[in-house]
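Got some structures for you, see below.
Okay, so chain A shows up in both of these, paired with chain B first and chain C after.
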Partner chain A sequence: MTKQTINLKLKVWRQTNPQTEGKFVTYDAKDISPDASFLEMLDTVNEGLIKKGDSPIVFDHDCREGICGSCGFMINGNAHGPEKSTTVCQLHMRHFHDGEELVLEPWRATAFPVIKDLMCDRSAFDRIMKSGGYISVNTGNAQDANAIPIPKPDADEAFLSAACIGCGACVASCKNASAALFTSAKITHLSLLPQGKVERGQRALDMVAQMDAEGFGACTSTGVCSASCPKDISLTNIATMNREYLKAVITQKEEMGGGDGV
Partner chain B sequence: MSVKLDSKIPSGSIDTKWKDHKFKMKLVNPANKRKHSVIVVGTGLAGASAAASLGELGYKVKAFCVHESPRRAHSVAAQGGINAAKNYQNDGDSVYRLFYDTVKGGDFRAREANVYRLAEASVSIIDQAVASGVPLAREYGGLLSNRSFGGAQVSRTFYARGQTGQQLLYGAYSSMMRQVDLGTVELNTRKEMLDLVVVDGKARGIIVRNLLTGELESHVADVVVLATGGYSNVFYLSTNAMACAVTAAWKAHKKGSYFANPCYTQIHPTCIPVHGENQSKLTLMSESLRNDGRVWAPLKKGDLRKPEDIPENERDYYLERIYPSFGNLAPRDVASRQAKFRVDEGHGAQGQEAVYLDFKDSIKRLGEDKIRERYGNLFQMYDKITAEDPYKQPMRIYPAPHYTMGGLWVDYNLMSTIPGLFVAGEANFSDHGANRLGASALMQGLADGYFVLPYTVGDYIANTKLGEVNTSNDAFKATEESIKAEINKMINVKGSRTVDSIHKELGRVMWEKCGMSRNEAGLKEAINHIGQLRKTFWNDVKIPGTANELNTELEKAGRVADFIELGELMCRDALTREESCGGHFREEFQVDGEAKRDDDKFCHVAAWEWNGSADKPQTRHTEELTFDNVHLATRSYK
Partner chain C sequence: MLQFFKSTVGRKYLMGITGLVWMGFIFGHMAGNMLIFVGADAFNAYGHAIVSNKILLYGTEIALVLTLIVHVSCAISLTIQNRSSRNSRYAMTPNAEKGSSLASKTMAVQGSAILAFIILHLITFKYGKIYETNVGGVLMRDLHKLVIETFAQPGYVAWYVVCLILLLFHLSHGAHSIFQSFGILERKMQAKLKMGAWVYALVVAGGFLSQPIYVFLFHK
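Presenting the complex of A and B:
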């Protein structure tokens, strides 16, 4: 089955390293099969650049099936491009038309410095996870997995929050570069499960504090994060985080003696 | 120097070996643990669980990965599920049955003792996962849910929709991040191990390249654990992620670690077919789909009709026909081969390299909602890639390289032929014989990391005199120099072939000659071809940029150079193994399309020793396999 191929014009952000300034450079993407993925289209452009001795356009990627969270950049101002619930590695060229011009830019956020071209540093997410995104249980301490039944709706909801792949599209599309959706998804996932409830207060305090320390902006509830999320992480996670956080702040005061003007 | 292969399988009956062995192992007292350091390379399921558990015990752990974050390890892509002998369904499962199924599924080419331990550990893995917050699927009563996987007649697979690997990895990752928070684990991301450092015959460290700056760094430790995953990307197109590579394992092989059964590779029966020349990878459609999907091919040769136009009586549900007792849940090697036979005989879907996986009947029986709940994300993924709606028309599927049973040889303690070098997860060869059953790789990675290494690493440390070594040791300097020289050589070739073009050529040879079926003439041709390709690489590769910066082409080039050498060894291993077993199908050895083993000659593990240069073929060593519990028999799923 040979299908009609398409040609595109790409305006791509090129930046050699974090220290230098970047700029847009224009490339032609020729004879692209509509069945190719967006990254395969870039592979083709890169193959051409390499043959000419130029350095290829650098972008993060690995699984190419929408699950590892490595890929991600802006296409014409949209995180991961125009298709809803789709990472850029799962975006196929059949959604573009011949002659289209596309602008490709890295995620832009203070907490995600650009490393090279379309690749940026999202290690801030790891540091948020490290600050409390876990349940404190050592290997070998676990009781039988069915000892505590978990209502199916809770388990399902926890799964939906846990499905976040940590790609950073939420931060990139938020005008405040807030990491509220990412952080809240983990807080919600763990606070819904009986195993995670024990540490919920401290977890909320620590993760929110780390999120702020990383330089992410405040959430002003525009909802763009959720709309641009390839895994459809819901905005209600942020409400849960706010509730968990407030509750923790209040009980923490009580534990510290409460009402004494802390 | 040749090492005798001692599997160190403890004596005693199969069900008490591990318990007794654990009791006999020496312990390191808590205060001393702090003085000992362990390097864990790889932070997928196996590495993250090992790093977390060793950190909890009090060792000083340094963990490394090539990824930006441990959460991106390839384990994240595992879809269908993880096996455990919980018998929650009361359908007759037991540790013994899981052990039996796995030994049989591996076509009697795995070590009984290892497999039994794996089946025992499976039970604790699920407990551990749930305790660390992994949201596995549940029934309305709040208890855990199961599905069935190939090669088994019980329902023992735990899952989280089609994202089981993701959720299990996040569980192990978060346990490890807790240790990072507590200061017992130091995490090093975007660093690629390029060599192992051996001092006085023991593994004492690694050299890594910082992928952001190109700098080489030396790291020293008392023990090195490799958990660097499998090598399916030797085929170029596979279901593995782009960065999956053999480099860490291969470099260890060249330092003296034997490579076992390299020709045992798994070609997964249900993947989305290839669409074109510029394709970069293949996408798996989880085996769990075969719970509710029926596999068929057109009965008539050269039938070009659309699937919906082919009436029921002109469809060949060949797995149900040939294997009535396992039906669509026949094991992977068998299902893949049968798909290939159909296509080779002219029964491909609309004349292409594909067969159908059809949900029509189960949608009728269970309703679209139920199917969506079970496989929603897989159907969506299929739709995205092919622009076809699998709720309305059958999926087109074809086999693709997916998993590698071969890997670095390890003894019962998961230690390689280099003392102090342990290997875990897909990177070792240990538990799956010649064919891995679905949902048992996740199980093995976590068993190794959570429940085996924490004991055996301690035993090694307690029993070994580990002299003071630091990175100014000559061995570190010499290793670093040799890596520098190799990188410079590569980058200075400045030839005309791109790395990808060489990798694609290698992949094509491997797929055609050392893929789903193999024969003597083809393998010999492949060995020749790959030898030439190695020369092409070193004389004509083109790598832009320099070594002292982020250089993705250089990264790929290093990995491809190692894949080329591995590819040659795989063919040699396949050529020497004059029998068919599991995923290794030699056309000369078959009975009506089924694998014909030769237990008199080949009931052993083949482990290859590097002889100092790619121009000198490796030496083949063997470890005899004995079957005291599951008796050697011809595998039948009929």
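Presenting the complex of A and C:
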């Protein structure tokens, strides 16, 4: 038995490169299976475009399992589409109805310049991670897990924060294009765990400074970031970031030299 | 320390602390003004007691002016930064589930209107016409008469109603948002905080609203 396929009208943002102005171009997506994912639907449209000699619609994607954070664009103004807790690669066409018109736009933020069509440059996130989103212990094996007790609520909260895949939906949906949810998820995740606690102060200072330097906006606590997040990262992370930052500003000690350093 | 005040996080702390000062003040201001329901003498005596205590008066005025300056200047600098962080606009707006509340989206607009309101409000009352009255043998300013006169004018009442509704939304967002800015938001607090913020905002804005409406409709 074959399932009823649907036809859609897509208004897609086409932009050749970061320097040129983009514009919306309308395409028909015909005979789309409701079981197809949104990206598979775009693949189908792209095959048609390639056959006609047009350039395919460019979009980021990798695992298509909702865990890598590569994909993401706006569908009718919603980051990753209308469904909650879903990446666009895990969004299926059964959520749309026949004849629907969909507007596809890239993430829009000054810190995320559009590279081409629906693909934007999110290396600002990489630079925030590079500024402190890691722990400096880089030798030896992992310790026996039971040697470092971690309270269950802390472990739970750290896991929930660590679920952030860095897709950028928070920035894209925020009216201020703020990266507070992303940055705070990383700060919270590491500051809750023993290995990360050692550098928590410097990490908060450095990551917040880098976040601001990249040109992201401030948090207005609208909560849209969390509502749009495919991994349901909580707003409480932002509170934790603010607290860590304030604490670090007041209590952070400076290195005095000595030891192996000259 | 300078880096703290330059950072977005630090400026949100400042917004929150200064907002909190004003939240305390307007609650007291609203509660005191409720004496309008008691009578002219009580209202005037209350006003006189405040202006007679110079330490309280100037202390409060200085605190309010300073915090307002910090609140407004942080708001302006953050709004400029927030606007520049998105250089092109989306063609579509999100649906309700992934969208934001109108109150949180329009804080800057509400704030601008409230600032204009505060200035005009001071011109009307604090620096307005001076009538005199005698309460229990003490000569004092008859603010009650000025209030009754002002709120007999429908235009004034309408302007107050509009601004107080804006204040309601400004407070409803600000009062729970400060918990996040201050870093004391925990998962279990989230739902109750929003409710608490609305209760506070409704009490303050509702209390204030009752005063001009009472005077306009019921005061002979």
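By definition in this document, the second predicted complex is superposed on the first by the 245 of 262 C-alpha atoms of A that agree within 3 Å, B and C clash if a C-alpha of one lies under 4 Å from a C-alpha of the other, contacts with A are read in each partner's own complex, and residues count from 1 in each chain.
By definition in this document, a contact is a pair of C-beta atoms (placed from the backbone, for glycine too) under 8 Å apart; a residue touches a chain by one contact, two chains touch by 3 or more.
As the structure is a computational prediction, the values presented were derived from the model and not from experiment.
Visitor: Could you look at A:Gly133 and tell me whether it touches chain B, chain C, both or neither (first, second, both, neither)?
Guide: A:Gly133 contacts chain B only, not chain C.
Visitor: Could you look at A:Lys152 and tell me whether it touches chain B, chain C, both or neither (first, second, both, neither)?
Guide: The first partner, chain B, only.
Visitor: With both structures superposed, pick whichever of chain B and chain C touches the larger number of chain A residues.
Guide: B
Visitor: Name the contact category of A:Ser33: first (chain B only), second (chain C only), both, or neither.
Guide: In the superposed model, A:Ser33 contacts chain B only, not chain C.
Visitor: For a test of understanding, state which residues of chain A touch chain C in their complex under the given definition.
Guide: Residues in contact with chain C: 11, 24, 74, 76-79, 82, 84, 103, 105, 108-111, 173, 175-178, 180, 205, 208-209, 211-212, 215-224, 227-228, 234-236, 238-246, 249.
Visitor: Mind listing the chain C positions that touch chain A in their complex?
Guide: 1, 3-4, 6-13, 78, 81-82, 84-95, 97-101, 104-105, 107, 173, 176-177, 179-187, 190
Visitor: Using the touch definition up top, name the residues of chain A that touch chain B in the complex.
Guide: 16-17, 33, 35-37, 39-40, 43-44, 47, 49-51, 53-56, 58, 60-70, 85-86, 90, 92, 94, 115-116, 119, 121-123, 125-126, 129-146, 149-152, 155-156, 158-159, 162-163, 165-166, 189-190, 193, 195-196
Visitor: Contact residues on chain B for chain A in the complex?
Guide: 49, 52-53, 56, 67-74, 76-77, 86, 88, 124, 126-133, 135-144, 160-161, 163, 166-167, 170, 173-175, 177-178, 180-181, 187, 189, 212, 241-243, 275-276, 278-281, 283, 380-381, 384-385, 387, 450-451, 454, 498, 500-501, 542, 544-545, 549-550, 552-553
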